[in-house]
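In the two assemblies presented below, chain A is common to both, partnered first by chain B and then by chain C.
The block that comes next holds the complex of A and B.
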């Protein structure tokens, strides 16, 4: 028997062990374990642990006020879902709990210094800002005082009006495009009407919509559902792009941007020719309608005249029909004359105050009855270079607004102060920013936007503790008043107390009802609303005969001279980006990691326009307008109308939380001209 | 039946005529599954979007140009599941009780064979360590663990919700889960109600009925992998997209 162990034997053994081990689980377990070990480094975030609870609140990020059920761990919201039977939350609502930790979140009041297109922030005590504002208000040496309110209709909005009541020329300006001011062109027909004029879309059976984004939630969930189901609603959509609403409409009329007023008058002309009774209601503009025939309007809009006749026939055929000027998420409202032309259709059809027509919505009760209030004034009614002290209240959200349209109203050496949770949007243009609580950090009111006929009020209950260094907007009003020596009306010192006063007033009035709850006392009403119940009223129908005045006829006559611009720029953004200056970093999924949405600063043109202007996809181009210039990246898309530049206004790297650079410039700033909105602006484009 | 449990065949039907490309499904998926936001250098090829909405068009000029949005996630192939066939680590698992194809990140070695094999490019590689802005990690879903750099991940029809539904059924003394308790995040989030989810093997279920519609089609059906995600459209040019190639970095599904 061989007893010597040779080198060959050792090698054979080693080889055997190696081959044999492959037949055991050992190496595979080792690989598995290695994989597991290398996935648990200390820098990999670990999901939170703690007691799980479910809390109810209301989303205050947009005026829809969706009821929310928040899943919380250790008291921190980790998931936001629609409450039972509620409409699903949008992307903004689902990610709202991220905003409190957004990189652009402000945790202290700051002074903003602009340098080379970027803003530098320096912490400054709130008391110093409050004192500066109060001193400027007292002296009024710089000009008038104004508050630019991005969410009018709140209790805090009332407090601002009460604060400014004692100052001559002072006014609260609802941010253009912000909810709460209704269809303002209707005020020309009935200046003394209490409440807001709103479209009763839910009860209309036929809608001639001028760019209303009904499929994206504008007009309420019920109208959207009817549009999606394709039953019981005829919709003709007049819009330059085949939007999601246009795609679902019965007919899409691709009218050139800026020609909507002409289309409306073309439809009015067809209606007046078809029905002598209608002609009798528009005697003041009959000569204009005889000149601006459907054929002439079609020529201006670049559409077949049959489209205009079809729209007129639809309005005639349906007793509950309606023409509505929609808001563009980036472009805001139509200019007042176009809005007047569109709303005149309802006047001549006798649809004012009728079910499914244009109705008035009762105003929400103020926290204190009969208080002295400063007037509300539109931005374009404010004289240029007149505002000496501007307070921008963006504490509850912020819609896209070209800052030059505000800056034009500021006097030299004007003081601008913003209330915002974020160093983004308008607050970067103001010299000082007072940090306020973000969504879910404080109680917020949610009055409905102008797109729904029912007045409604919801309360968003806080689920997170407010950050140290952020101030309640209502207490800021109190502090400014105290420093300026102004006596405010009512016994309140915080937003919560203002809301309590308001709910008590609502309960006392006995008007409206509570959806999803009952209330026997003011406290019960407030508690039910804190649990997600919504107070609402039904529209009241009271048909009113109105007529077009001579002054209106003169304004409408200017539409006849609408000329076809060679090239126009039209701003575009997504519904989410329209309500908040910042978005959750998870929006990178939509804007950066997929091609679903374009980021801000992209100029999209039709291939024909690209050829004509010698533009190539991906290259940089300069867009020039009367407002200035902007450099944008070019994309080419058949979906865009020829001779139109769709300029995307949306999240920048800052807004998605990836850059610390606080970029001030905004592509929207080149849009718009004095007094006429910024939906459509003549422009030139060339290779950069 | 497997043991005493009923075998389900979970699937989805997506009505493309209702989808308006809002992206709520993508956001909901990222929130639910603790998918981190993109870092600055991430692009369409290196992003993590277990549910991705692609855009496709009829390639016609304005105003006849039409677009369709196509949400594409893992198709949960029922036959010859390509990713499972190629995985050297058994990191891809098909649950015999649900038919759901799952990725087991703890086993994954990051070879990315499965990504090459997936015909719809619905698998994603973690190129970077997951990072959230400071403090935001406190909002992570406690039911889903965070995956590290170097592993592949994909849609698993929100497995944590399936587990929660099973736990709820078990607490009630049942082995059968209530269909209302198991709804993936994208389905729950869709504001248009374009996505229907359920058990395809239940002939009475909404999803099974919708899948039998004459307007229904599946992506790359000719490969014979029996995907469990169906699409609906009344438009013929959209239905033809079912045979098209899907690319990761393109905005569109190219016509075949």
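The block that comes next holds the complex of A and C.
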């Protein structure tokens, strides 16, 4: 019998083969094996195996400076965990030893050229970049000189100030969103005060917090522990989203973003009505407080007036209470007027300099006494289009910062140079990048940020050899100085020597104490700190009477006219994702697979907002602001209040791919329009 | 009569099933003989009386020392003690020239996984056999079935290709670790094994 094989037969046979294959282990086993095969490509770094040793150091990835015990094999750290007596490590700290091998790691200085939203990198000699910077500094033809310091308070920070001291108008700009930076607004009340303004949270029994992420480490581990413990600390949290701090607070006040200043003045109004002594301390703003009653403030903030009365009553009932403006991990500081309104509460309560109030702490000793230093200047105090030479020091890490807020300060043809271990974050915006050692590859100082009352300094000692092609930041300062013909003060040439000078100064001063060690000499102090001991000072209690000036009263009066925006975008990220331009692939995998934290590029809205804007979970939406547009995936959550878009800017599952493609912009860049922060931005959203 | 289409479809399905269940496993794994035959039964038996940890001991830091070095064999096998061909090969090819035996490891894990024997043996009090099977009773070393794609042993996946009815201790994939931890209510996290 003759049988013709038709095309239909072939397709039917193929269908049978396909269905049959699915009923065998072959496709599933192949999938698994191919996945494992991709882990064994020859260019993938292989962790060493062998005898395991243990080394102590300090995590320098954020200002908390947690003590770390590193498990090492063959002298290379393969696992990080908290030292026995230290705080538990966050996920960034636990995976920090991967960063030195991150695909975005730079091992040579590069010139950056933007092309179609991506950056193209070309290797250049470091000497050429140094010469270019020095020439631009000498001529000053392009504008003033500034250093954007992401980790102020280090010895290298001092070196930058010493370098810029000889240049007119030059200044160091501290990172605008670091913890406690909002307290710098206290300088408006007492410009001549020595030391740094800090909240004495450890001794406070009641805190009115405006968005301070106290449960996520802001304000130190002790405050967090007291909050978790649930006894002895009353906390009222004013925040638009139900954050982990809001969940642990005694009361959560979900005020509309941008209305925090009105809430603060509403509380002040209730305080002035309840206590004549308080009213006498705020005479300059009494007419304003009579107009901006708790009821009016509640209307602006979209909350019940009882919440404002309750907050005022808490502050009155607790002699050791304070109000504090907190920085959001992605959103940074409040605008200066809101900070002024919040800090005014402490002034009218007489809580300045008092235990459990707003106090000062002594600054860390400089490496060299009495050196000439350039001033520190806030980013929002810097005139637009004024900076001709900008050096971005991201050598010890960096935090979320929308680049447009920096770019608006640059003069036309400005030269921007970054010091960073990675081709990511700010360094992709700078025209040139000098590669520096990554975490664990070099000695780092870790000064505690201004969110705790005790000044503290730790030293992170290196556990890995620095890569060839990366330069010590302090030696770069020296090279620029030599090329620009500037004489620097002190006998030092490296970060290690700056640290030695500083520890000697600390030892000589006799101020403060060493936690977890003893030191009879400067060398012993440095050695103890290299082993993980921390030097700290106690806060200074010296109650000061302050008053609200007429100029401040005029600024506060603008809060009365706070307009309710139809829709605002509020940037968010998790605390551990906020401290580094790059994250370990394992970290991003955890975010991607665990669902514990939202990845970047997600817009979270309230169900009511989703209905109104016709948005569905999972779909793409376009968010438009005055700065631009961004496409994000929609999620719907009751924890976000109506008319608010919570835009996550944290790690993304594509972080590896993005860093390889070097995408310049990120979702944070659409935030901020007024030039005074990017915490809350009017926006529109629609289906993509 | 069965329609022709059905027959052709069934033919294709049967071919795929035969290929997937019979030919594919043979093609996926290649068989590699151990460099030397070794009788665990003789060494662990009454005549010699050794225990597992005499050769496979824990290092001081809790890490497993793994396979014994030739130094451990040499004191007893400087000269052949019997007339076995394998012992003769041991003495001549490895002990006298002091060369390590390139054993093929059935339980070798990927480089990104760290496994510490100490907590499992000391804290959990697991026996060697629970994961490695009755290896100590064998008279010969079976050949290693090496996956042609990944390079790892078939013991990692388990004998059963479906992994539906794996016996306890069979299979050493991440899911096997997880399920054992779950069964014993032992905490686990990604970073415990993946550093």
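The definition used in the following text is that the second predicted complex is superposed on the first by the 626 of 688 C-alpha atoms of A that agree within 3 Å, B and C clash if a C-alpha of one lies under 4 Å from a C-alpha of the other, contacts with A are read in each partner's own complex, and residues count from 1 in each chain.
By definition in this document, contacts are C-beta pairs under 8 Å (C-beta built on N, C-alpha and C of every residue); 3 or more make two chains touch, one makes a residue touch a chain.
Note that the structure is a prediction, hence the values are computed from the model and not measured.
Touch criterion not met for A:114: it reaches neither chain B nor chain C. In the superposed model, A:79 makes contact with both chain B and chain C. Look at A:47: by the touch rule set out above, it reaches both chain B and chain C. Shared-chain residue A:39: touches chain B and chain C both. For chain A, the partner touching the most residues, choosing from chain B and chain C, is B.
In the superposition on chain A, A:585 makes contact with chain B only, while chain C stays out of contact range. In the overlay built on the shared chain, the residue A:216 is in contact with chain B alone; chain C does not reach it.
Judged by the touch definition given at the top, the superposed model places A:94 against both chain B and chain C.
Chain A residues 32, 36, 39-40, 46-47, 49, 52, 78-79, 94-95, 97, 586, 589-590 lie at the interface with chain B in one structure and with chain C in the other. Interface residues of chain B, counted against chain A in their complex, comprise 18, 20-24, 26-28, 30-32, 34-35, 37-40, 42-44, 46-49, 52-55, 57, 59-63, 65-67, 69, 89, 105-109, 129-148, 150-151, 188-193, 250-251.
Contact residues on chain A toward chain C in their complex (touch as defined above): 8-9, 12-21, 23-26, 29-30, 32-34, 36-37, 39-40, 46-47, 49, 51-53, 71, 78-79, 94-95, 97, 586, 589-590. Listing the residues of chain A that touch chain B in their complex gives 31-32, 35-36, 38-41, 43-49, 52, 73, 76-79, 81, 87-91, 94-95, 97-98, 100-103, 215-217, 224, 228, 242, 244, 247-248, 252, 254, 574-575, 584-590, 592-597, 606-608, 638-642, 653, 656-659. Residues 4-5, 8-17, 19-21, 24-25, 28, 59, 61-63, 110-112, 114, 147, 149-152, 157, 161-162, 190-191, 194-195 of chain C touch chain A in their complex.
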